[in-house]
Amino acid sequence: MNSFPNELLAGYRAFMDGTYKQQRNRIRELADKGQTPSTMIIACCDSRAAPEMIFDAHPGELFVVRNVANLVPEYAPDGRHHSTSAAIEFAVNGLGVSNIVVMGHGRCGGIKAALSGGEVKLDEGDFIGKWMSQLAPVAEKVASAGVMTDGERQTALERVGVRQSVNHLKTFPYVNDLVEKGELSLHGAWFDISTAELWIMDHETGDFVRPEND
Amino acid sequence: MNSFPNELLAGYRAFMDGTYKQQRNRIRELADKGQTPSTMIIACCDSRAAPEMIFDAHPGELFVVRNVANLVPEYAPDGRHHSTSAAIEFAVNGLGVSNIVVMGHGRCGGIKAALSGGEVKLDEGDFIGKWMSQLAPVAEKVASAGVMTDGERQTALERVGVRQSVNHLKTFPYVNDLVEKGELSLHGAWFDISTAELWIMDHETGDFVRPEND
Amino acid sequence: MNSFPNELLAGYRAFMDGTYKQQRNRIRELADKGQTPSTMIIACCDSRAAPEMIFDAHPGELFVVRNVANLVPEYAPDGRHHSTSAAIEFAVNGLGVSNIVVMGHGRCGGIKAALSGGEVKLDEGDFIGKWMSQLAPVAEKVASAGVMTDGERQTALERVGVRQSVNHLKTFPYVNDLVEKGELSLHGAWFDISTAELWIMDHETGDFVRPEND
Amino acid sequence: MNSFPNELLAGYRAFMDGTYKQQRNRIRELADKGQTPSTMIIACCDSRAAPEMIFDAHPGELFVVRNVANLVPEYAPDGRHHSTSAAIEFAVNGLGVSNIVVMGHGRCGGIKAALSGGEVKLDEGDFIGKWMSQLAPVAEKVASAGVMTDGERQTALERVGVRQSVNHLKTFPYVNDLVEKGELSLHGAWFDISTAELWIMDHETGDFVRPEND
């Protein structure tokens, strides 16, 4: 049978009895006035790393793109479909967000694949290998750090990937303009899906550090 | 200054004190054993339509792609980067999900743009016009339905878009194989961001209907 | 003038009025019966990483070696003076400890020097360069990981150094014998001198992880 | 099983709930600014003689080397690894300490071995005999002082050892230079692990005396 998953219907009813009842006015107002999120988050599809959960966000607060391994491609307008680039353009030029956060996370299956491990092989399949190949140059460097464990290399590439994506954001001319004018801030973050530690990218050094009054 | 948004840090602390404290064991176990979500959701970036909220989902339950207007492109392997296709491949072949839900929603800014309205003009930016052009043939037909109001046309295209995306899913050979074997189900849904009504796509007719015991 | 530092004398008086008064009986008993610490700790000289502070240890509990960067040399009896090896022999054969913990820490000046940074240059001086050269092969590999930041390389080498030292412990025949008999356990740890996070080395993978019910 | 010692984890939690909570700001500042200890202490590994305890020292105050019997070797650069000499070089040239304290203590197992007693035989193992042989010439003289008791000979050698180590410090050219310029002071101390008496070496006579207003 082909019926809509029961657990989703049950969850929907829980939402209606809980969050919707409590926030009904706010939700209706948001629908009428339109969304004005101040933050765009570019996150991974992983079922353990939902940005709304991590930041306890309410409806209307976060404009969220999710793709495998939270990658931002370089600005490359070529007349083709670019899902993530389109969303960035929509958020920056259409909604006028003030912050873009690229958020990586631990034990990322896409990153693991880029280091040639895990559930997915990059050279099988039609798309995942190509998608992750955006990280290939840095993945190769990280993979060759022979004295590090598999886990350390994985964490390293997860963070290197966030840094690369933040840098790619600056290749979008309108993003860069707004950053230089001080009207838009770019951020990197990394979330440990086990301990739930949040690490923030330092803008000067690129290092990931725990937020201060955490 | 360029510091990490305070509201996100405050939200993170609320998450740590609440959800994480309550679900710590489950979350840690998920991190150790790996994710095994049974459902992939393809949803919109809109800040008012987070799938985890609508389905009251816990960590580990939903593998989530979010792009502008929740579009699935046709299967078209051409050696280029395809964000959404890569995620579908990862979910189906890597994680073995049993359900894929394409979820549209009301007052969608991307759909509005496709009907030549709203915050974004399709012929200005570099990417959003191209991205939404995937809906151009059907958008044109809906736009020309002269007796319908703007709001009706908008809802119509939101639902037509979901139907098209579900059909595009079947163009992926491995998706189609699994559907035919009965191992994978494809679903469409539409969420009214104001009244919070959930509408489910009927597999036979393509109509959107309220779930039965709602 | 050459007099004994006043702050040490003041501290000594505080110790006499506090800890000594409270633990006088235990301390005297320890003096009479001899020490029977169950744990040896090999730690760094750094003033911010005293093992007794980190583990809130009482007199008699920890047998502590401290050298720059908490290095354990390979077993190499050659008729010369070996400070750390002598202490290991004393702890294992003389005192019969059950655990040896190699404890690294963040922002280690010795490790920084091994990566060619910080207060000390390895090629000046008579001894520090030679001492740190025990890490040279792995330091070179870590240093060449071009996509990682200085801070990430520093943390990586701090942890790689602990792993190497734990491995070097096993080159001591009597250490290895006791480990195989299950009478001695070897451990690695890493302490963040800022956030005070303690990370424990996993025996299987070599990864550093937060202790579970932390 | 090979798990991290429970008493250390319990101690760590006590540290986090106590000292770290109280001194968090100071500790974080120390991490950021780097350590600037004014005193280096060369002490014994003995679990009953931690310098931080005896001098009630806070994080950042003492740069601490610990080896068996708190020995300083003579300056002898020969292209080999010298743990203690490397630490002295680091403290003096890298950190610019103002004081070096060599601290002996009562009932020292290393000293006992040098007098042919206690848990460890100098002619058995590979390293401890060689290490303590640095005291052999003076140990022989003390051992032959026939009218003294074993206990008196032990205390005598503990103090003779401190004097020798202070003298060895002066064989390091940069140490001697700074001492002559009045920029660095060398000190000897001896701690009774039972009564907790602290004795200070007089610079003129070499005698150990109780500090004045003790």
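Letters A, B, C and D name the chains as they come in the text, with residue numbers starting at 1 for each one.
The criterion applied here is as follows: a contact is a pair of C-beta atoms (placed from the backbone, for glycine too) under 8 Å apart; a residue touches a chain by one contact, two chains touch by 3 or more.
Since the model is a prediction, treat every value here as computed from it, not as a measurement.
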Hop count on the shortest chain-contact route linking subunit B and subunit D comes to 3
Between subunit B and subunit C, tell me the centre distance in angstrom, where each centre is the average of that chain's C-alpha atoms.
-> 52
Between subunit A and subunit C, what's the gap in Å when you average each chain's C-alpha atoms?
-> 39
Where the centres are mean C-alpha positions, what is the separation of subunit C from subunit D, in Å?
-> 15
Would you pick out the residues of subunit B that each touch at least 2 other chains?
-> 28
Classify the inter-chain contact topology: is it line, ring, star, complete, or other?
-> line
In contact, pair by pair, are chains A-B, A-C, C-D
Touching subunit C in the complex, subunit D uses residues 2, 4-5, 7-9, 11-16, 18-20, 24, 27-28, 30-32, 34-35, 37-40, 45-48, 50, 52-57, 59-68, 71, 73, 75, 77, 79-91, 93-95, 98-99, 101, 106-107, 109-110, 113, 118-120, 124-128, 130-134, 185, 187, 189, 192-196, 198, 200, 203, 211, 214
Note: in the complex, subunit A contacts subunit C through residues 138, 141-142, 144-152, 156, 159-160, 195, 197, 205-208, 210
